[in-house]
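Across the two complexes that follow, subunit A remains constant while its partner is subunit B and subsequently subunit C.
Up next is the complex of A and B:
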């Protein structure tokens, strides 16, 4: 099938308005939210914009017939290259399937199409007394389908859990074009938990066309504390102190001096400019509980050396404190033209040491690194600031990243806490997993997608899924990265 | 511990063979570590034998009748805490670790895994993950699925693999731990598992109210469910002598007390309050009838039905109707509000039979989305899929089984659709 033939067949399924195929229209689909240089870009043959599940299924069948790979795409805010069509083929953009089909107060669930924007779902559920707990910082743009595919997290996942804890069932188009449901409204279906396998599978096992998600009741009361510290070490100790006291805040976020420097002048959130680090601590629940816990947290912070602790209970005050955190990435433009946002996770007790290591790496590579992250989960987001016009800067960023990833894995951490592996970190998979571990994951891939047509070249180390070249490539890769061979 | 384990991975276990759905396996092995488990599985696979992993043997009757059974693989030697870092709120334990022991270690540090296990002294970590059953607290605390962060598994291919890790947030690769959760040992033998743990609640209280009829009890529980109160568990049903509704609250002392007072008012009826240990004991005795037993001389059934939460009340009414019609006497019924599950224990008036069980399952399937016969006399299970309707994704599940256990060495035939 040639390109014109493909476009024609696609238009027959989707109508002329439902297909992009001219180079100019395809441009934005060559990228996602990740850094150019850390992730390769690639051009799809065409982009399909279905409005129904049947259309998705028909496009998948057509791709099979044409022998083309298929890549699902939401808002394209992903940070690991997941939505980029590495081998070309058809991108299925789910953004036109954006209806909230049902909010059920009694079941405390929502049935949504995959293109629904994360924040829109929470806002729609709000008048009913509920919210959708996973709240990635990109929630104004990212889709529920993308959240499901990446098993996304956010500040409030400390208390409420990540996406997988909130997905009850999925309508899925399988790689053979069949439409099935996994899970559902009634708990305890029979057989393997395919919903669990689907969440976080980065579009490699199936395309989500509907999601049945859990809604969480709004807490009776919410308080946000801002605690300022002289340095990140003291702030980290406060984090440990809070956890050790048996308190699980709704959110527990840390920002360092560099972040404050970027954020405060731009958004006037009220962070002390002379602080070495601030913690944002949100507590929620029954009013009495929240009040008592806030006093306790406040004391714990002071014991850990907080220079200032402020409590905000009114919504406007709380929103202002959060605004700085939420706009942190946008504010980085004030400090440097480009940034590389990292996502690694370490055991909470290793936070102080890891943050010190981040500081060392920053010095060694002469690279400013801002830290703004989910401290309560041990989920770091070192933000490397650079100017890509300066020769060698991208390389320096990548080398520094490499050092940091190694360190995090060495202290018992993982490659990614919420952004996924995609192409960005696939060659690091051998740092944490053996060939046998990866073979088990490949077993799952093969069960769903024996021909490997859904989102190829993701998650597994380069060359892993194509048999014989695997060993050779792995060897070369291992040499390059200085890591163990497969 | 067996004294001589140097030669093979199949060291004889000291314990007598367990009864698995009325069958006695010809041999029991108790490997000493994950590698030995994998070697044992590989050997059994090449000999064409079939193995049942065995933990605390509290739920061996769960599942379809074994298609074949040669060897029991005990995890008795795989027990013990592997790593526990209280400040990280994570723990890693060997598959053979008794749940009671695990909870005791956690409690020493003011922490817990907030799940209910009817026989916690015997149940093992491996068995808990493999069976994925859950209790009333699911409403407020979720299940083990929500707490499982890492796993190590031995496969019939002779390998031991790990997935996940010891951090609470992790998207490094496919989520295999949750796929193994509830796979009833049919994809591999769990060697160890890692969990996120939680601080022990500072205080807890349970309110129990008695009612003259099922309808009154369910109405009361529904009222509470729709109120702003957020109990961690909310049950209605038939227990001991009559119909009841019951709510469990956790949190700080004052809040819990205030919530309990409010709950008493909302439930109406004849309400009683239980605090702290009393509250815990209350729930333990409530769960006691939810055990899986499979003897032919105690032919009572344990059945779990599930619908979407909003239909729970009509499901209970339906079950009562079906029970009358099938001449089945319900001795125990627990409906979890907000979850949509109903647990039923009872006996057939005429003693029962395979046909009676099949007819009961059929009738229940007509009124519920899922019906699982958790416990029944083995003789009645011939040819029956105790898991109910096969899921529409059965072919994907079969290929998973084919990928992980092509020779069907593990628990052959016991899982949904005869996997």
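Up next is the complex of A and C:
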């Protein structure tokens, strides 16, 4: 099938308005939200914009016939290159499947198409008294489908859990074009938990075409505390103190001086410009409890050396405090033309030591590094600031990243808290997983996608699929033929 | 395996000449995608090339020699953009989108072959008609005559307008003000003025909506100002900038700077959000002009939208009840380009009896965007319909806005959808709450105690 033939067949499925194939059109599908240099751009052969599950399935079948890879794409805010078509092929962009099909007040669920924007789901559920708990900082733009594929998290996941805790069932188009449902309304369920397998699978096992998600009731009362500290160490101690006291805040976020410097002039959130670190602590629940806990947290912060503790209970005030945090990442553009964001997780006890190491790396490589992160669960987001036009800067950033990742893994951490592996971190997988670990994962991949056509060049280290998985595939074929000796 | 067809990059057209998209500005975009959902054209299409990020990437691609300046997609996307600046207001990295897309359009205008008739109509419409206040006033006088003589009704009934393809244009037009407002001819004043305000007339506001400008002047006079319109002022040039006609825009900008320079640091108040945004950017427009750069920056610093100006003053409480329900449509060039969102609402809340009910997506473009609704009819209509749906979800009987383009587009959209909801400029509501022309002498001075009318 040549390019013209492919386009013709796609247009038959999607109509002429649902297919892009001119070189200029394809240019804008060669990137996602990830950093230039850390992830290569790549152009697909065509982009399909379906509006129904049937169309998605038909495109997948066509891709099979043409021997082409398929890459699902949501809003393209991913930070690990997940939505970039590294081997070309067809991008299936789900942005036109953006309907909220049903909000069930009794079961506290929502049935949505994958292109629904995270925040808009919460806003739609708000009048019914609910919200969708996973709240990545990109929630204004990213899609539920992307959240499912990356198992995304956000500040409020400390208390409420990440995406996987909020997905009950999925309608999925499998790599061979069949459409299946996993999970369902009823809790528990028997057999393999395929929903859990799909969540976080980075578009490599199936394309989500509908999601049944859990809605969380709005708490009766919410309070946000802003605590300012002289340095990150003191702030870290406050974090430990709060957790040790058995308090589970809805969110517990830390920002360092550099972050405050980027955010405060841009959003006037009210962070003290002279602080070495600030904590944002959100508490929610019944009014009385919240008030009591707020007092307790305030005392703990002061004991840890807080220079100032402020409490915001009005929504407008709270939103303003949060705005600074949520926009922090992107506001870095004001400090430097480029940034590289990390997403490592370390055990909470290792937090102060890791932060010190971040400081050292910053000095060693002469790279400003801002820290803005989910302190409550040890999910670090060191942000390296650089200017790619300066020669050698990208290399320096990548080397510094390498050092930092190694350190985090050494202290028992993980590569990614919530942004996924994609192509960006795939070569680090061997740092945390043994050959057997990886083979187990490859086995899962292989049983869903023996042809390896869904989102190739992701997650597994470079070259891995060619070797190990090919071997597995050969084994599977042999067994089909009744040969068990392999 | 099939691969994408590669474009022929050998003889590629690149940016050249004046007004190229500034490379540093362009590179501030980190393609994070946070701006996508606020972009009206992306919302309607769900396609990346119709998003701010996509358009910036296309501009970057031309700069990098990966896309031909004259590739049809470039033209299509630079002009499909409404230049509503919604992306700019939400961009966390502070990307200045407006100047970039305007420069890209200027590049297209400089290098794209256009059919002769297109060039000619642009020259006449934009250069000649809007280039001089007198010519435009004469044209609008013709329009006024047309509306009042019964010719309008006759043509509408006969179907001749449809034949001439002028139906939409006709539906957008509100009843034209009886008299145009001529700079130098009228002025208003509080009995003991505490500040002088220099009103910027604007081409459409000063003619079609002249009565709205008069209402604004009355409201300011009741709040302690003396208001006049310096002679020599011209159209702001926003339409020209949006169309990539930078030379024409600069000529108008220089004329305006000259006209207002004699009035020191007095506030230059504007009733049209689109003009206000353009005037505030004269500093940027003329940054490379040795003679005018500094003067342009000083001019821009004096410019205030009328709502911004009123909200800065200690507002005399209006006393005439306006017992109606309204909803507020935020003009893009007010909320996004000038980041003015609270001031209009604050003013409306000061009006006794008035109830403001917010609509959904109040800051999403209504589809007007200068003359966009004339050249991109389909997209503009979809946006207009979407806006009308949101208006009709509220109990409002009037939509309040603050820009002539929006007013015309809203009016046409409401009419097309069979809605009776009226469109008002915010100063008209305020003027009503201050008693309108009551206690204003024929020479424009507000009588003492005028603030307690009604």
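General observations
Rule of thumb we're sticking to: the second predicted complex is superposed on the first by the 467 of 486 C-alpha atoms of A that agree within 3 Å, B and C clash if a C-alpha of one lies under 4 Å from a C-alpha of the other, contacts with A are read in each partner's own complex, and residues count from 1 in each chain.
One rule holds in what follows: a residue touches a chain if its C-beta (ideal position, glycine included) is under 8 Å from a C-beta of that chain, and two chains touch if they have at least 3 such contacts.
These figures come from a predicted structure and were not determined experimentally.
Annotation: superposed three-chain arrangement on subunit A; subunit B versus subunit C shows no clash, the two fitting side by side.
Looking at the shared chain after the overlay, A:265 reaches neither subunit B nor subunit C. In the superposition on chain A, A:115 contacts subunit C only, with no contact to subunit B. In the superposition on chain A, A:28 contacts subunit C only, with no contact to subunit B. In the superposition on chain A, contact of A:433 is made with subunit B only, not with subunit C.
The partner of subunit A that touches more of its residues, comparing subunit B with subunit C, is B. By the touch criterion defined above, A:292 reaches subunit B but does not reach subunit C. Of the two partner chains placed around the shared chain by superposition, subunit B is the only one that A:180 touches, whereas subunit C remains out of contact. Closest contact between subunit B and subunit C, by C-alpha atoms in the overlaid model: 21 Å.
The interface of subunit A with subunit B does not overlap its interface with subunit C at any residue. Residues 104, 106-108, 150-151, 153, 157, 161-162, 164-165, 174, 180-182, 184-194, 196-197, 199-201, 205, 217, 220, 240, 243-244, 246-248, 285-286, 288-289, 292-293, 345-349, 374, 377-379, 412-421, 425, 429, 432-434, 436-441, 443-448, 450, 459 of subunit A are the ones that touch subunit B when the two sit in their complex. Note for the complex: subunit A touches subunit C at residues 1-3, 6, 20-29, 31-33, 35, 43-46, 49, 66-68, 75-77, 88, 93, 95-96, 98, 115, 117, 120, 138, 140-142, 266, 327, 329-334, 337-339, 389.
In the complex of the two chains, the subunit B residues touching subunit A come out as 85-90, 110-111, 132, 138, 142, 145-146, 153, 155, 159-163, 165-176, 178-179, 181-183, 187, 198-200, 202, 226, 228, 230, 251-252, 254-255, 258-259, 304, 306-310, 338-341, 368-370, 372, 387-394, 396-397, 399-400, 402-404, 415-417, 419. Only residues 1-7, 27-28, 30-37, 46-49, 51, 53-54, 57-58, 61, 66-67, 71-74, 90-95 of subunit C touch subunit A when the two sit together in their complex.
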